[in-house]
Amino acid sequence: MIHRIDRWLTELPPPSDPDPAGAAAVQELFGGRFGEMSTFMNYTMQSFNFRNRAGARPFYELVANIAAEEFGHIELVSATINTMLTGASPAESRPDPSTTPLGGLKDVWKNPHHWLDGGAATQVQDSRGLPWTGDNVVNSGDLIGDLTWNYFLETGARNGKLRVYEMCDHPAARALTGYLLVRGGVHQVAYARALEKLTGSDLTRMFPAPRIPTDKIPECRPHLDAGEHAKLYRFSPSDYHRIAEVFNGPHPETGDELQVVDDDPSTRPPAQDLPAQTAVFAPSWAPEEIEEIAQNLREKAGG
Amino acid sequence: MIHRIDRWLTELPPPSDPDPAGAAAVQELFGGRFGEMSTFMNYTMQSFNFRNRAGARPFYELVANIAAEEFGHIELVSATINTMLTGASPAESRPDPSTTPLGGLKDVWKNPHHWLDGGAATQVQDSRGLPWTGDNVVNSGDLIGDLTWNYFLETGARNGKLRVYEMCDHPAARALTGYLLVRGGVHQVAYARALEKLTGSDLTRMFPAPRIPTDKIPECRPHLDAGEHAKLYRFSPSDYHRIAEVFNGPHPETGDELQVVDDDPSTRPPAQDLPAQTAVFAPSWAPEEIEEIAQNLREKAGG
Amino acid sequence: MIHRIDRWLTELPPPSDPDPAGAAAVQELFGGRFGEMSTFMNYTMQSFNFRNRAGARPFYELVANIAAEEFGHIELVSATINTMLTGASPAESRPDPSTTPLGGLKDVWKNPHHWLDGGAATQVQDSRGLPWTGDNVVNSGDLIGDLTWNYFLETGARNGKLRVYEMCDHPAARALTGYLLVRGGVHQVAYARALEKLTGSDLTRMFPAPRIPTDKIPECRPHLDAGEHAKLYRFSPSDYHRIAEVFNGPHPETGDELQVVDDDPSTRPPAQDLPAQTAVFAPSWAPEEIEEIAQNLREKAGG
Amino acid sequence: MIHRIDRWLTELPPPSDPDPAGAAAVQELFGGRFGEMSTFMNYTMQSFNFRNRAGARPFYELVANIAAEEFGHIELVSATINTMLTGASPAESRPDPSTTPLGGLKDVWKNPHHWLDGGAATQVQDSRGLPWTGDNVVNSGDLIGDLTWNYFLETGARNGKLRVYEMCDHPAARALTGYLLVRGGVHQVAYARALEKLTGSDLTRMFPAPRIPTDKIPECRPHLDAGEHAKLYRFSPSDYHRIAEVFNGPHPETGDELQVVDDDPSTRPPAQDLPAQTAVFAPSWAPEEIEEIAQNLREKAGG
Amino acid sequence: MIHRIDRWLTELPPPSDPDPAGAAAVQELFGGRFGEMSTFMNYTMQSFNFRNRAGARPFYELVANIAAEEFGHIELVSATINTMLTGASPAESRPDPSTTPLGGLKDVWKNPHHWLDGGAATQVQDSRGLPWTGDNVVNSGDLIGDLTWNYFLETGARNGKLRVYEMCDHPAARALTGYLLVRGGVHQVAYARALEKLTGSDLTRMFPAPRIPTDKIPECRPHLDAGEHAKLYRFSPSDYHRIAEVFNGPHPETGDELQVVDDDPSTRPPAQDLPAQTAVFAPSWAPEEIEEIAQNLREKAGG
Amino acid sequence: MIHRIDRWLTELPPPSDPDPAGAAAVQELFGGRFGEMSTFMNYTMQSFNFRNRAGARPFYELVANIAAEEFGHIELVSATINTMLTGASPAESRPDPSTTPLGGLKDVWKNPHHWLDGGAATQVQDSRGLPWTGDNVVNSGDLIGDLTWNYFLETGARNGKLRVYEMCDHPAARALTGYLLVRGGVHQVAYARALEKLTGSDLTRMFPAPRIPTDKIPECRPHLDAGEHAKLYRFSPSDYHRIAEVFNGPHPETGDELQVVDDDPSTRPPAQDLPAQTAVFAPSWAPEEIEEIAQNLREKAGG
């Protein structure tokens, strides 16, 4: 079970120039086979399905805890896409539909569901517009096999983030990928370390994969300076204390000592609110009607 | 973002007689279009994509908070499937593969991925073995439209739970559906109430849907007796205080006053551990090797 | 546009012993790639998309008119499946769900959506449980190419019908396939004839395909005796008078003269009603409630 | 079974400037999950699968009859797409393929199958190019559940039509959506009314959904003026006389009395013919060859 | 089993101006339902699954041998796509990712996986970006049925090649389609001839289909001049000697005598090497590191 | 390009008792995401798409050459499935379809397409009956990433083979998996070795994965005794001479020296012929007709 907190794992910039094509590319990081839905659901399922947890506890906890962080990642990717889509259609309430308010998007759209099915918002799809599918989850039950996959999955995810970074210069996409590259790198290290503990192999020289060093990415540097590349947060008020038994030793690239840190949500920035996009009725063609209802509800509740 | 807690929302019985065919049926409640992956991801996406949260806050919070409960539901369905699959293959460590340890499963109706791809464990699939897909998420952005869908989605989910209940008499399946029918009913009421607040319609007489009263299900009764049908838990240490502005008034079937309750995880039962299934290498063909490694790690960590 | 008539193209027997496994097989004839959804939608789309109808009218009309017959075929396949599913669960109103009324279906080979998602009724799926997809439609626009495909599609459909016939001895399945083999044979001939008119090739010796003669199937014989194998019905009160320009000459197998006949619905048997299946809430757990409401509506309407 | 008539339910303008990107958007109204294939096949399947029709006849007839109208809607959407695609490639017969006659489309296409697989014509796909699938059909068998879904499906369909309207100013797209918004609105009302009769709830205040009033759409107004928003046509020469028992009372938005009208095809405009698109061989690279053959056939038939 | 040879079946031009949109279109010829993956896998599966080969040997061999040629076709289509993608991103080693090296592609991409998931390289997808699927294989087992399908499949493939030819003027696309049109035409003839032998029908007048004569395509002419349209190569060092029993007689369009020729790989051009695309890490962000390693391996091996 | 040879890579037993349920399970090794279609197409695409082959030649050759072996593996899996399906329906020519010759297959767990769509033969599907898809191919272009995936893919494949071995005791399934486990193990080693050469990591201790030693499988032992676990065959008459630069050193489990061997097809057993299955028209309902035609063709050819 989870408790949910309306904060983001990192800061993202507010909407600026809309970038629908860029948003369609960032969808790969949401619903692509190596996107965050995949990391989230792979680790979640592996933790749900983990047998003999008692006998393999630090490994169970590592997977279960990283799954929790990944929820925060799908939230961030979604916020990025939504930020990039904001402003591409007229902003005023009760827009006149006969003025073709979405006309400017007709010839340029990349993901049509951003506009025709959804509300200028994230789809559970990849950059092609294909839906994420449960067949993106690998969970044989065999711990070494699953950890090998997880290590590769993070490698594939890193590959995708780098490519999106290279394609999109929208500030939100840059902030997102800068952060995710660092955090995904931590997970890549964590699974490598787990494999090392279980088999005795030394995977240190596999890093970085792909071969482009993280510190070549300017947007990664603040996070590297903050030591985020070497910290695994414990995302639980009560559990997962044994992950430090696996996540320890020197970072394969920097040599910094790996450490486990209790997550403190109060240090995370609040989730940001994005403005209504009335041409796609999000949250309404006439959002002030909802605002008035909500205001009345508050008053009725003595708020 | 979330914090994760290794507790279950309700108690489930331990493994008894294995029931692979039943487990394949229960997959509908996991990865079916009206299963818990769908409720979880519909509400999660709707909350991520919610625009003008400030102006529509109690509605945003309702959706975001129910999403959090649904994570607990996918966990419970998964635990049920895994319980039903436990014991269908030999239990001893280092089983001799040439004795056809999975032979008894070959000719029976089942989900073949439970055995050939997964580790006697939940797949992100429905009862047909088809993967859950992102196209199961509906999120137009239009709040009234999305809430109408949510109301129907819970109706469809109730339909599916009743059918699985009627097909499976395995104690775990019964305990699961007994609980989910009550909790899903709460969500059905919550979305109906939200629609009523937003439009002024009265949906009371739509209940129950399907028309079979919840108290006809013996496994629902303990939860009804505990008032679980009228409580919406707040699954956040810090947020979603305004959901009570929507979730209030009499329950449409029982007349009990609807109430919002702060979730206290310490009152929830701990997540249970299921035994290794060595014929499918979960977590290994020889799990005692992992146990020994884990024991060494603990000692090294001074545990 | 269409007008709809509540009659069946041929008689089917009433429910007898239920046969869920057989019904799952018959789904191939509904939603399989060579099933009736495919023939219906292939010809429908080809007719919608037909360009320069004026210049190619008899060919346009042939395709458009056969499309209309195929609607009657999906109706018949559906009725067959529903007949075969009838009686597999208890019949009484308000059944007690805790008696596991669907338990007898749990361990047998079947289509689980017949019970867990649908109401003991046809799914838009094939025998694997996979949904029919729009990619089953071939419509290049090139008339000769499309007719070649149509000829092959009917060959594939004949193949499937023969196999279902060989697998299922349920009276409804037998009646269905006996009829469809004869009618599909007519369409196979029609498309061959169209190709012959357009290219000058003689396809007579391609028949029968597969090589099993239709009159080897006892359930085909009454329809052969009635000359159904040589008649193309005109399914329109006003259009498609030129199809006889294509559909003429001797039948490739029997030598009978091909003829076009105006369809007269009053000679078709009325669509049959199938009883409620209350364990799957079709049309309700307590259908007498609906009956009473309908009775009241009739009275209110002065009926 | 059906009879087919080569008329359109409403008038559409002839081809003007081609608009391939717009046509790709309109595909959402054809093969999208809330498009007309979905409404057509949902109601068709629900009517095929309807059990105990005798006891629930007015509800059965309502669904069966609306299904018949929806066939006319897929025909209209298809005609619109085909109109918008007409003229995007050279028109003359026997075009020289080495002049790159489709070259102007290479960098602008949205749906490549319009050109590379199909003949400048409608695909059974949505705006992403993904095929329509049978999993878009919801049919639990439970009448109240299915009607609730139908009500929502029409809400989703209205949402999609409004968005396409806002994106596309091509005259055909505008004429189409103006008409469909009015007719879809009738179906939305019809299902709401059916739910009201069955449960006693009053759904009047749910309208309009989405919240944009239909009369804000100029292309809707002629149809509103003609009272089309309050009429349900009976699309059968012989059946569905009891639908008026459900479809009655005041229209939720306008207060006009709802009425059932016998459809008279002779008042509908004839289906229009679209010109050959020879670069995609529709109906041929050299259509005059087919014209000559057809002319010969007519003469041979004494036409 | 196979032996593989690093040669191409025909010459392709080296990279020139990149054409990502054209490459996305050519994907239809790779992974489209009528593309080369389909022809390759249809004939491969039909040959694997062929029963009673002894009794039907020349037909078995025809299918098995054409399957072997099709492997060479998927290789050529892939090489064409890769050629068209070359040069669309910066060429130097260790490119600075923060300079948005893929930025120029953001607004113009057609297949995003060319850049975000793959390495400027062929995807197992069609022009929509949808993956090729095993359901594109038709193999009923019935020889006449399967050959009828194969004949149609080649007709569909010819249709697709002509359309891609009409859309793309990139030299590689032109060279590819010029060659494939001729070779696919040979296969179309081969299957027609097999049907003629088996049934006695004469399909000569079905050619050409579509109706555009091959010699209207300038890029086909060199291959026609070389007689490639009338030769079936035997792609085996040891088998398939009986194909000439089927593939004989006059070519249906040109009247040239059909002939079977032993393939001699040494007459085929060597497969060409395409340069690294370092912005997508193909084969690395810093390919000189791999070059150095490979050089060391060679030296160590005494190379 | 390839040359094809009608030999199998290893011997398989002739048909014995049919085992349709087992054959449905073996489909996972054909069309499952970790099946042989996946290994074949992953390596084939990686070799087609390999850039800067000159600079990375031994790695290119390793991948290209293993791809060639994998074609032989899909052939073997297919032959196994077909063997297991042989005899499940009556054998005589011109069987009477009205005797329900496929009736015995109706109620058992199976792949329905083996009988209703195919000819008692392999489908391009997994054990669920879902088609293999191009999205099973991973090919980022980044060599180290792709090799990491390949290593994992072979691990997943080994996992699947072991499970099928444990479920199926049919002699053909046993012979197949015994052979494939050994050969797949060679590929697992080859990719590990390639990663070691490229990165300097030592992956020796990752073996075996899953942790069950290959020599525990009796059907593997003859192949181990023959040294097959340490040999990489060169499947080309002319190319791939540099693979020995990568594939060398001691085997991680046995310590045997790895070696590259030129494949000699004449030492491989001939591909076996399986008997007609006339109830599914493979190759015909009346195969003697084809035999006679083939005999005539031979005579006409002077054979």
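A, B, C, D, E and F are the chain letters, set down in written order, and residue numbers restart from 1 in every chain.
Note that in this section a contact is a pair of C-beta atoms (placed from the backbone, for glycine too) under 8 Å apart; a residue touches a chain by one contact, two chains touch by 3 or more.
Bear in mind that the values here come from a model prediction, so they are computed numbers and not experimental data.
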Label-sorted list of chains bordering both subunit A and subunit F is B, E
Just grab the chain with the largest centre-to-centre distance to subunit D, centres being mean Cα coordinates.
-> F
For the copies subunit B and subunit C, give the interface type as same if over half of its residue numbers appear on both sides, and as different if under half do.
-> different
Equivalent interface to A-F, which of C-D, A-E or C-E, with over half of contact pairs matching by residue number?
-> C-E
For subunit A paired with subunit D, centre-to-centre distance based on mean C-alpha positions, whole Å | 39
Any idea how many Å lie between the Cα centroids of subunit E and subunit F?
-> 23
Each of the following residues of subunit C touches two or more other chains, namely 33, 108-109, 117, 128-130, 135, 140, 142, 144-145, 159, 210-211, 280-281, 284-285
For the protein chains shown, what form does their contact graph take: line, ring, star, complete or other?
-> other
Looking at the whole structure, which two-chain pairs count as touching?
-> A-B, A-D, A-E, A-F, B-C, B-D, B-F, C-D, C-E, C-F, D-E, E-F
Using the touch rule from the top, collect the residues of subunit E that touch subunit C in their complex.
-> 33, 135, 138, 140, 142, 144-145, 148-149, 151-152, 155-156, 159, 195, 199-206, 209-211
Residues of subunit A that touch subunit B when the two form their complex = 1-9, 31, 37, 41, 44-45, 48-59, 64-65, 67-68, 71-72, 74-75, 78-79, 82, 117-125, 131-135, 137, 139-145, 197-198, 235-240, 242, 244-246, 263, 265, 268, 273-277, 280-285, 287-288, 290-291, 293-294, 297-298, 300-301, 303
Touching residues (chain side subunit E, partner subunit A) in the complex | 96-98, 100-103, 105-107, 109, 111-113, 115-117, 128-130, 279-281, 284-286, 289
Touching residues on subunit C, where the partner in the complex is subunit F | 21-22, 24-25, 28, 32-34, 108-109, 127-130, 159-160, 162-169, 210-212, 216-219
